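Report on the structure given below.
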Amino acid sequence: MNYALAVYGATGNSQAGQTALSFAKAVLASGHSISRIFFYQDGVQNASSLSNPPQDEVNLPSEWQALVQQHGIDAVVCIAAALRRGIVDAGEAERYQLPANNLAEGFELSGLGQLLESLIETDRLITFGA
Amino acid sequence: MSQTSVCIISSQSPYRGQGAREALDAALVSASYDLPTSLVLMGDGVYQLLDHQAPDQLPRKNLLAMFKSLELYGIDTVYVDSESLAERGLESEQLLPVYTLLEGDGVATFLATQAKVLNF
Amino acid sequence: MATLHTVNKNGQPLELCLRVVNKGDSLLLIEDGVYALFEVPDILAELIKDVSLYVLEADVLARGVSNRNELEIELVDYQGFVSLTETNEKTLSWF
Amino acid sequence: MATLHTVNKNGQPLELCLRVVNKGDSLLLIEDGVYALFEVPDILAELIKDVSLYVLEADVLARGVSNRNELEIELVDYQGFVSLTETNEKTLSWF
Amino acid sequence: MSQTSVCIISSQSPYRGQGAREALDAALVSASYDLPTSLVLMGDGVYQLLDHQAPDQLPRKNLLAMFKSLELYGIDTVYVDSESLAERGLESEQLLPVYTLLEGDGVATFLATQAKVLNF
Amino acid sequence: MNYALAVYGATGNSQAGQTALSFAKAVLASGHSISRIFFYQDGVQNASSLSNPPQDEVNLPSEWQALVQQHGIDAVVCIAAALRRGIVDAGEAERYQLPANNLAEGFELSGLGQLLESLIETDRLITFGA
């Protein structure tokens, strides 16, 4: 089957990122494919290139990066949710004259349409709420 | 995309965070792709339709104004779970009249028919 | 030591606050905590006997919440919130 | 259409799920939702009559939660979670 | 800093987010400044002391291990609200035995004596 | 009186930042002083230089910046909470070899000791939870 995941929480106040990551690995281990992971709401923090937790904690952005690059998964971060929460790529940083960019490699900013497309076109969309 | 219909469930209160606003955005985008889109308000989500909101006090964007224009965007079906109203001691007259009330098992019955659902 | 309690949502924050509030304390409902006027008016009516009850005006107006049961609750603005933190020796925040 | 429901905490998410769950559906408790085994065992015992109930093993073990009331609940790992999303035509997430 | 005592109230469950961990960090820092520090667990916070936690399953850092070393850090007073245990159907034997149980109005009475309190 | 504020939430899933900001303005308008605002937990997002909400929404980091600079308030962001959530200044970015920095001007990273110090030494510490 072809799966898509929607992730609405990050490390700070939610377990969503961690649960979604473990679920994604199990989907792939079960022989299914994942076409897209869509990060929305506070889930956009999963795509920060600047998160740097202590050694004894998981660095979720790095884990996602490794997973999506190894399996060629589309990792999409909702652009409106990201701008609101301070996650930007080089293009948006330039457009809005922001002093830096912090979208980790392997992720791309795009619109909510990508979430709706996944809902309609994949066999299963599984949501991980905050 | 095909003509599959989409159902958005929104159960967050309007002004705590961005949850309610971002659920509504998802519904609007769905409708903008000409997908038949319904919105179901349950739990604290019913507060989104409470009349006489004045979020400029905070200040926040007025969600109620977005609900008033839902039909323009092609969303003509907003369902409200009547039990969620009753638990909050709300009368249906206290809400902006743009919705259909689902009584009893109405929400359960409706959701069982929907193949494509997004929870918020 | 007179204490101001703020409660920003129903559920656990309100429950824990009710468990530790003492006679003579003040309780201010803020943010989603103002929905208590709709959801638990009976609990608030009981509480008023021992505790001074306030709601933050901006949050009440923003949400369109009304004091339907005509409880003895005072509407305060942010300056009123500040005054409550002055007159009470400490503030406990339940969230 | 058989549905898998996931619930990640008690309070509103569990309540709304219970309101819409249909006979023959499956319910998987994840994250803080596994505390339902402690907090609302009677509700779960009632639910089992109509619904298949599961808990996510990693969350149960991480938190030290036990199935004290010996409810008929199946422990599943992440692969089992994936299987449930296969066999049910859709998944609703309550959070 | 003076010898004023500090009370930290922690009412979050251990592994949902970082709330419980970050409350414990605040207590440890308080003690490291030689401030007499007490920790009060209420509501879902009592789950932090539940025995037999295995958070490496997630993986997350083991909070229980931090509680085992609290005395080393100079925190010898951990209070648990007995009503919070009862509501969850928990027996006090299911918790790591590093705490003092506060029954009835115990928490209210204790907090009323504390001038410097931080909620988490 | 001398106040300190502790802020534990940001825009995404909480009203804490907004309430705290309005409260801070009222404290100053009442003739009191604020010695420090301490951002902890998800509240560290209030200090992002990259947050860029739509025109019709408040940009909390800019609002805080204006307030603390105008009134000479110490705006401290907990360093451990910030690193975990991807908020870093130039020094930390260099130390951990991160690709950019995003702590807004006017804020500084420091330890939890600053929160305890404010609790002990100010007349009132008011906490705004998520």
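As written, the chain order gives the labels A, B, C, D, E and F, with residue 1 at the start of each chain.
In this text, a contact is a pair of C-beta atoms (placed from the backbone, for glycine too) under 8 Å apart; a residue touches a chain by one contact, two chains touch by 3 or more.
Bear in mind the structure is a predicted one, so any value in this text is a computation, not a measurement.
The pairing of chain A with chain F is characterised as same-residue: of all residue numbers used at this interface, over half are used by both copies.
Across the assembly, the mean Cα position most removed from that of chain E is the one of B.
Of all chains, F has its CA centroid at the greatest distance from the CA centroid of chain D.
In this assembly, the C-alpha centroid of chain B lies 40 Å from the C-alpha centroid of chain E.
Centre to centre, using the average C-alpha position, chain B and chain D are separated by 26 Å. Touching two or more other chains at once are residues 8, 11-13, 15, 22, 41, 57, 80, 84, 125, 127, 129-130 of chain A. Residues of chain D found to touch two or more other chains are 12, 31-32, 58, 90, 93-95. Shared interface positions of chain E, defined as residues touching 2 or more other chains, are 15-16, 18-19, 44, 58, 60, 116, 119.
Every residue of chain D that touches chain B in the complex is listed here, in rising order: 1, 3, 12, 15-16, 19-22, 89-90, 92-95.
Every residue of chain F that touches chain E in the complex is listed here, in rising order: 6, 8, 40-41, 80-81, 84, 111-113, 115-117, 119-121, 125, 127, 129. Those residues of chain A whose C-beta lies close enough to touch chain D in the complex are 1, 3, 8, 15-16, 19, 22-23, 25-27, 29-30, 32, 124-130. Residues 1-2, 4, 6, 18-19, 22, 25-26, 29-30, 33, 35, 116, 118-120 of chain B touch chain A in their complex. The touching residues of chain C, when paired with chain B in their complex, are 9, 31-32, 35, 38-39, 41, 57-59, 61-65, 68.
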